[in-house]
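Letters A, B, C and D mark the chains as written, and numbering starts fresh at 1 in each.
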Amino acid sequence: MFRFLPEQASEHAAEMDWIHHWVTDISVFFTVAIVGAMLYFAVKYRKRGGVDHETPRIEGSHFLELVWTIVPTIICIFVAWEGVRIFKDIRKVPADALTLYATGSQWKWDFEYDTGKKTTNNFVLPVNKPVKIVITSQDVLHSFFLPSMRVKVDAVKGLYNYVTFKPIKTGDYRLFCTEYCGKDHSAMLGTLSIVSENEYTRWVNDKSEKQTSPIERGKLLYVEKACKSCHTLDGTRGLGPSWLKLYGKTGKFVDGASYTADENYLRESILKPNVHLVEGYSPAMPSFEGQLSESDLAGLLAYIKSIDGTGPKTAPAATTAQQPAVDLTKLSPAERGKLIYEKGKGAGAPCLACHSLDGSKLVGPTYKGLYGKEGKWADGQTYTATDDYIKESILNPAAHVAEGFAPAMPPYQGILNDDDIKDVIEFIKTVK
Amino acid sequence: MSSPTSSAEVYQGPPHVHHMDPVTAYGAAKLGMWLFLATEILLFAGLFVAFAIYRWMYLGEFHDASLNLNWKLGTFNTIVLLISSYFAAVAVDAAQHADNKKVSRCLMITIACGAIFLVVKYIEYSAKYQHGLFPQFGGPNGIEFERYKSYFGLYYCMTGLHGLHVILGMGLLFWALRKAQKNRFSAAYYTPVEIGALYWHLVDLIWIYLFPLLYLVG
Amino acid sequence: MSTHTAAHGSHEGQDINYLNHQKGLWSWLTSVDHKRIGILYLLSITLFFILGGIAALFMRTELAFAGPTLKFLTPQMYNVLFTLHGAVMIFIFVVPGIPATMGNFLLPLMIGAKDVAFPRLNLFSYYIYLAGALLALFAVFWGVIEARSLEGALDTGWTFYAPYSIDSGTSVTLMAGAAFVLGFSSILTGLNFVVTIHKLRAPGMTWGRLPVFVWATYATAVIQTLATPVIGITLALLMMERIFGVGIFNADMGGDPVLFQHFFWFYSHPVVYIMVLPAFGVVAEIIPVFSRKPIFGYRAVCYATLAIAFIGFTVWAHHMLVAGISDTSAIFFSIITFAVAIPTAIKVFNWVSTMYRGSISFDTPMLYAMAFVFLFMIAGTTGIYLATLAIDVFYHDTYFVVAHFHYTIQGGAVIGLIAALHFWFPKMSGKMYNETVAKFAFALVFIGFNLTFLPQFGLGMMGMPRRYYDYPIEFETLHTWSTVGAFLNGFGYTFALVNLAYSALFGKVKASSNPYNSLSLEWQTKSPPIHENFEEIPVITEWTYGYGKPLPNTHH
Amino acid sequence: MSQHSSHTTGSTHDHGDHLECGHILPMRVYRLVLGALLVLTFITVLFSEKAGVFHFGNGALVVAMLVASAKAILVALFFMHLKYENPLTWLYAAFPIILIGFFLGGIFIDNPFRIDPKTMQPMLYESKTTNAPPAGEAHH
């Protein structure tokens, strides 16, 4: 009864769930038995006709009391024992375990691999290989929780804790922070992607971001973080101000105050975009707080400075450079959709800029459970997210805007062809 | 069904003026005081436990840190407190013999000892202050302070809290002293002296442990 | 004979009782009468119960749907809300809860004393409590004023975990001070009760004859006296940490943040028993009266109470099983924790078997008592999950804990308090409440409560972490249900309280001195009792639970 | 139950503590105790690491605590008359000590048994460990 636990994606999950389900069944049994007895007595011995009937002065029964002292004791000992036994298994670190370091800080998880590969919030592990994650914190308490892996431990400043497990299924799994850590505690989410051995090796050895100069790095981020979907480089007005000659430019905020686009201003508008809004723009930009490291920021600033009209005016070729060298035809439609979602296509920004997979609300609606979902448009009409609906909102998003969202999405008319859109829809269907 | 009979019989004894007779009142007051002492001990328990575990963790730092303390002053203060405690006990004895004069004499000495203790403590604190071994109001603290881990944090919390209790104890004894000067105490009634003395002995007890921990073994 | 006593009470001096023997607000604020002090506590905690409840409803509304639900409510404000909900409900409402209200009112009546051992100290501890509560409110206002927004009030969670509580810019120092003061009041009350029970029992009121509620209050009082100082020093150190940076919990100075949790839970686990043991006592008083049967296994129940209180001191770190403590201690504390389950189980079995072959009437107090048994079964069994090391690794800090905790504290302490209020209402006010409204309110509370927290077990199983302002979409349905339940629950409490308040003030139906034909001592005096409780100190010759037709082979 | 009637409280005979009254000791006792306390203080200083003449290294702690406890017991038994108190007072005098025992025990099975996951060896609480930068950077 009550089997709600998330899928068992680690080796020890099954064992752990076994004791969990055992306790569930025994608990249900006793609750039903005792409450049942209570209700039975209540009905059978109820006072009839407002007159008390004679009751025996039973003061107790040593036998019964012995029974219900001993039986729970035996059950408790068994459960405690099993709990400890399984806990010990969970904590045992295999010799061949792959080690990585996770550092919590308000409000993000930084990961570092033996290869020196660094990532934030989203990290990747090979399937069927035991792993040990050494966890600490830079500031307050955090807690590292991978529900599907059945592991959790607090991240404590000045102290190193660890979790160890062996993933047995590929796929994307949630990472939560479960120890309250301040304002954005509930936004301190991440994703663990379990992938095949070679995919992992390719990923973990790809240190592209380490060798690049700040400007190149900024260039990459401009695409990866999808700045390009809102900020043009040629001065044309996107959803946000163009970056052309942006640095050092002066202007007005909506509140009338004037600003100069110096480093601090840019830094703030990347991390806390909606604190000061530039006149004539809607507060559509998501905060990048926690998603960009210091060097990332430096790179972006350097890149923005470099857009002084002398450099390349179109989006850098980085986009295509990012495309993985795989034969698209070999991939399933959903996989191709995933690629478009992640990398974008041609001049089109990747969808991930505005649409999350984990249900969190970005600029646009999340893809999680989107397909077939019913909702309201800003104009009050209701819709169902069918193929046609999704296709329309990709090609001509302005037509109908879902309630609670800004009309921020650029049209993909002429960027994605029908096949691409089918792929994307296939991909969306897989995100449940 | 049976009928309630608990209050059936009626108490025949003397009518009650207070809600307790003197004997019960005395016992109650003393039990209450012992319970209160128990809470005081547990209040300090936290500090002792913290000291224990951090001393285990940072033996070196704690040892070096304790070298900054003047063990001579510490010993002097210990002796002062022991003597004060002695006179507190004698005061109770005097009260039991209804000798109010002697009670007030003893209590005065006890309070005086308490005052001496505080003065010495002040001297020690100011010496630490000279060496920058004090926490910064609103932090961050000086290197000197932080070098010894939480030793000086604990030192100030423990001795500070103890000092606070010395002051409270002096107040309590002063209250008893006033009563003694008004010849309130007799073999039948001397609760305030006894209560005050009990509290003062606790202050002494705690110092008995603080002294070696902080000054001698570190 | 009881009828005689009752009649006796109801005729002469009907109009002179503790409520009206002195008139005017001042006579109330300065009264050292344990009954009046109990009422003062009752009014104060009710006020804060309402405040905490409102905070909870705002939280539930925000959580009703994924994404920001209330436009004005920022994540930081949400953090403040759940912190205030916790701090107010725990420190200002539940901990004084039953002991300070029902305990104060009933203890001397039940043991046949004129008052508690130290009446003036009793009044003093009420004013300390009031000071602490006001200081807490001031802390909130101060934070709000400083930050020009609700975001500035306390945001650490009621647990004050370091290092966040050291860094937080909100009014932590003041709030810690408030909790410290409140703790002091708790200590003095507990101390007072322990001495009262030892020294002031009426002639013949042996330990073997005491009502279970007195045993429970005794155990509670011991915990209040001996556990509270530890939270005192913990909060004091936290304040020192914030003011002077003494570095005891500060990792930068080699302090160990986990040690703070040890300190905190060394008090805050026993405190759970401060909340729930008196409720056990209440249930053990109500079930026998409405079943016309003695409490089953009196001794077992009493000793189980003491056992729980004692073991409660030794299990604190099961709140920290994944907090980074050594595996050794995690294993140790997990195993010890199961020791609490056994006496608790004994109690439940005894309550239920008390009803066997009884003559059961379903007055509102009995309904609450039976609800208590059901809710506490769930609370207890889910406690087993959390005590089991391997399972706790998954459940720690998820909604499962939130639900378990609320089944224990709301389903236990609060339902117990409401049951007690209804049960002893005639004694306290001398009136009867409106039974129909009371039953309706009960239904709302019961349904609402379960609808609120059963879904949260589901959320916990799905891995929903606690203290989240927003959550991924898959958790939405259960959250919505939970919110609906919360509002039902709120309405239920409103009905119950309004009903009692109205009946107390404007009720027409006078209560006889012993409307339920109870045997325990407080019912043998007038309703409401006179200032001195009893005309003469009673002499006890019988066990409190001598209900039913004696069997040939009964002891006592 | 009539024999109870002469008492205002039932407590005194219910759990066998004799009738409450003060305990008068001869002055000599107090003087002796004070003497003993001063001697013990002298001893503990003698055995201490920095002031003392005998050195045991870590044994000093043990000696110091033993002596302190001896002093504490003297104060409690005679100055505080615990020796002549009823079992109840003994209980509430002992309870906090027991609790401190639990408290210390609970914490000393934690920190000393923690292991450093980087080495899987017992955790070393050196300044460098505790002030070390988070694993991420510390690691290379």
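The rule we apply is simple: a residue touches a chain if its C-beta (ideal position, glycine included) is under 8 Å from a C-beta of that chain, and two chains touch if they have at least 3 such contacts.
This one's a predicted model, so the numbers in the text were calculated from it and none came from an experiment.
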Each chain counted as touching chain C and chain D at once: A, B
Farthest chain relative to chain A (centres taken as mean CA coordinates): B
Chain nearest the global centroid, as defined over all protein CA atoms shown: C
Inter-centroid spacing, chain D versus chain A (mean Cα positions, whole Å): 51
Distance from the mean Cα position of chain D to that of chain B, given in whole angstrom: 15
Centre-of-Cα separation between chain C and chain B, whole angstrom: 33
Computed distance of Cα centres, chain B from chain A, in Å: 55
Numbers and ranges of chain D residues touching at least 2 other chains: 1, 5, 7-9, 11, 88, 95-96, 99, 103, 107, 111-112, 114, 125, 127, 130-131
Interface hub residues of chain C, defined as touching at least two other chains: 198-200, 202-203, 226, 230, 251-252, 254-256, 258-259, 292, 324, 327, 359, 537, 539-541, 546-550
In chain A, residues with contacts to at least two other chains: 52, 54-55, 57, 158-159, 161
Residues of chain B that touch chain D when the two form their complex: 9, 11-13, 16, 20-21, 23-24, 26-27, 30-31, 34-35, 37-39, 41-42, 45, 48-49, 52-53, 56-58, 61, 63, 66-67, 71-72, 75, 78-79, 82-83, 85-86, 88-90, 92-93, 96-97, 149, 187, 190, 194, 197-198, 201, 204-205, 208-209, 211-213, 215-218
Residues of chain C defined as touching chain D within the complex: 198-207, 226, 230, 251-252, 254, 256, 258-259, 262, 266, 313-314, 316-317, 324-329, 332-333, 537, 539-541
Chain A partner contacts - residues on chain D that touch it in the complex: 114, 116-118, 120, 123, 129-132, 134-136, 139-140
In the complex, chain D residues that touch chain B: 1, 5-9, 11-12, 17, 19-22, 24-25, 27, 30, 33-34, 37-38, 41, 44-45, 48-52, 60-61, 64-65, 67-68, 71-72, 75-76, 78-80, 85, 88-89, 92-93, 95-97, 99-100, 103-104, 107-108, 111-112, 125, 127
Chain D contact footprint on chain A (complex, rising order): 93, 101-103, 110, 112, 116, 118, 132, 134-138, 158-162
